[in-house]
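In order of appearance the chains are A, B, C and D, and numbering begins at 1 in each one.
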């Protein structure tokens, strides 16, 4: 069974996010004053072959802890769906 | 004669520069490939600048897992000297041989120019030839050089004198070329607790000859050439 | 490989499911009736769709030079220093001690108009490959850029994206950018120009040429897999940007500088260890042009099986595989007994090397797909028989009128304020915002980085160095293509000579509009005549280059922009002369004659909103003397600085010398007396005129006598204007005394572009 | 009413994704051979003040079309939730 995993790796809240700030600034310059709290991170999409959804998620977590996210500065979020 | 291993990752691009700069102070410098598993009796390991594995995902994130890195870990644990320059510094952080992380420059531009720095710590294999407080000018060339660490880690680094190199602060009308990337506490280089592992964002190997307009980098290599491996460092580390 | 067809046979079959070749399909492929007719004769039958694709690529302007060949043949291409002239991936010139320099410039205009970041990045990738496939290690990059005015957001977006793309690619591969130019004019809105130049070093003995040889030798595809990117890129580059081309815009090519770096190291290892017969980049028209051109150069045939080419997507047709412009791919020819070795070296660099065909003796360019022959074309004729056109060349009435006109409006500001306005114009202001995004120190050989007249690098292990520059003042070319062409070469040579280096040779990137329009072809022909005359006068042969036609968009044609890339030899390299004033008390001297001609000047366009007038003629003999003088003065170490007066004239040159290096704590002023200089020139013309052939130098007063004598023997006019010192640039004229605060000028000069780009920084934050 | 918008901006399929490739290689080298089809893009998170969820989504789309995504090389996906 293969599952599609969507990972969102975001700068840890509280940490300065210059890219988010720049985007927010640009948005309001473009007339989107209603947008705020912009954060920019990484979106990673992958397929994982695993017997169960739970296994797929567990493995994906290991991938994040080991490689996909930097524990010092980033938090990550997982979504698993059937591919 | 001092043996200096320059570690080549796919995507390293300052490997030849580091090799040359080490040889220029009389060291026996040679390349070690990312797939190698030992440093061939190196006294010093240099992780050069570049874009190892394209710096994809995060600078240094993938290189950190290269086979050669366990040899570097061992070398460091045994008290061998390690210098990470730019991408090498990023790799050392990703490998947790040094604390903190190097994030995208605050201005979001790649930045290439000479900057002015202050030597904060000369108790390292690479800065002994300088005096603390001395100003040096070195080139930087990076897109991800903004040093960041938790408040505790920053406090610890300062308290233990582990900040090796600091950019001059950006102050109106100052004649200096200031912090180019928004690093916390203007940190440009740090060392580990034992003092044998050093990471710096600027490029001393590109500034070791007056013909290049900058020569302050040479001190890093003359320091290295004069450095004697301390047999007791290993114990210190193990304790 | 499956059993090959009968030698010499040109029988070919339609690939299952491919469209029939109708008149409409032929037109779709940008082939006109004459060319179609030529194809039918050449094959003696109707082409298969695959063959039609092959012809449309190789007979596109980009690959065939069908409108430019006869003109290009008028360039001087020989000289004692020439190792390799036009026709190879890059030109090669001889240096001391068995060294040689390979260099080339390429345009990537249309891809950059569509996708600035990837367009520029892949442009850099392509020119790098052109150089290292000669066996040269790239040691310097330059880039020449043109955009519409920065007050339009789209132009800011293109500018920011292109600069980021150029930087990210070159920075990652690890080649320092030592120079370039950027200019902004309305004509480039919608059709920016992105020209990238690469300079590489090699041992002359290790030069390798891209000629397939040796019947039975193996063709290998090395590097990235082949995807559907950029199909028809070559023909796309050969038409005007329009709604129509928007629709058939090829899939964007994405660059991977990491793979490029591996390709670079692998290629150099393959070449220096003598493992291969030939190597060529799969650039424009990808596998098709690389294989067909290599075969034609070697006078042999080739047989490829596209079924063997590693692809990124399933179900790619031979048509797609042949025309894909996926990046970071090379075609390598090796003897059968070396194939394993080649693959081992490539594996070491984490690259695939896949046999896809072989060299044949029947001269046929034959393509199979899993054995089925889908194309069989006489190879030589495929490459050489594209019709050549001799379009009509006629200058437009409008251009003639503009040249004899004078400014209708009064100056916006007085002569004093004009300098500040000029230094604030993005065309004249510091390009620091650009070149600080490019690594200029990697390889630890940069002697003079961006910010001066030319970049200078040392050749490690030797005493000598190279000076490199790219130049073109398109405003002059637009007004007077012949003088403008001369001026571009003259400025490049002056920039090289200012550093103390001797000009060696050029590469050119000829960016023009639609050659089928008589006024455009006139510009092209005349500009090339000017370039050829200047190169002859300077002894700097043309070693290669690139023609980019059809630089037009719904908003109009670009200014004709023949960018000149030049290299010079500086031996020994420690003679290098910077372009900024260095020491208080130094003499300030002006070399060359000032008549105060304002035609085509930045002053007229910026301060009087007028682009026109007669372009100051370039005296090639005087220019050559000036170059010789600068070189021998540097040889004898008489100079502290030298800076050429180009856009903005004498005062801007003086201001730039005073403003100083971007990283110096401050600039330094000068007290100058120009009363009695250039009698007959108006104050306007004296300050801001753009007469060619002038250089501002500074020197230790102790050397004045020697310099005066040197100028006399070279019969170059020399005027002692005053001294370096103080905080102000002070200029005494009969018309009165002008004073500018250097610190203020410095701020204006360095802030002009960053100020305008602040908004764009957010746009730039998007994308890795 | 403010809504939290999650945007995922991914390289358009068919386009080369060197970063995704590199990550995929690294994962399998780390023993995650079961992972495939890796694509790496950007995750952008922002708050949008709008009368209704539909308005928030509509505005967010405009932001993507204008600034957040590159129409030539990227596709985007929106999720809107109440903040």
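Rule of thumb we're sticking to: a residue touches a chain if its C-beta (ideal position, glycine included) is under 8 Å from a C-beta of that chain, and two chains touch if they have at least 3 such contacts.
Predicted, not measured: the structure shown is a model, and the values here were computed from it.
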Pair exhibiting more inter-chain C-beta contacts, C-D or B-D: C-D
Remotest chain, chain C as reference, centres from CA atoms: A
Euclidean distance of C-alpha centroids - chain B vs chain D, Å: 35
Euclidean distance of C-alpha centroids - chain A vs chain C, Å: 41
Euclidean distance of C-alpha centroids - chain A vs chain D, Å: 9
Set of chain D residues in contact with two or more other chains: 18-19, 22-23, 26, 30, 40, 42, 67-68
Junction residues of chain B, two or more chains touched: 53-54, 56-57, 61-62, 65, 107-108
Sequence positions of chain C contacting 2 or more other chains: 256, 258-259, 761-763, 765-766
Of all residues in chain D, those that touch chain A in their complex: 2, 6, 8-10, 23-24, 26-27, 30, 32, 34-50, 59, 62-63, 66-68
List of chain B residues in touch with chain D within their complex: 53-54, 56-57, 61-62, 65
Chain C-touching residues of chain B, taken from the complex the two chains share: 10-11, 13-14, 16-17, 20-21, 49-51, 53-56, 107-114, 139, 141, 143, 175-177, 203, 205-209, 211-213
Sites on chain C touched by chain D in the complex: 114-115, 118, 224, 227-229, 251-254, 256, 258-259, 312-313, 326-327, 762-763, 766-768
List of chain D residues in touch with chain C within their complex: 11, 14-19, 22, 42, 67-70, 72-73
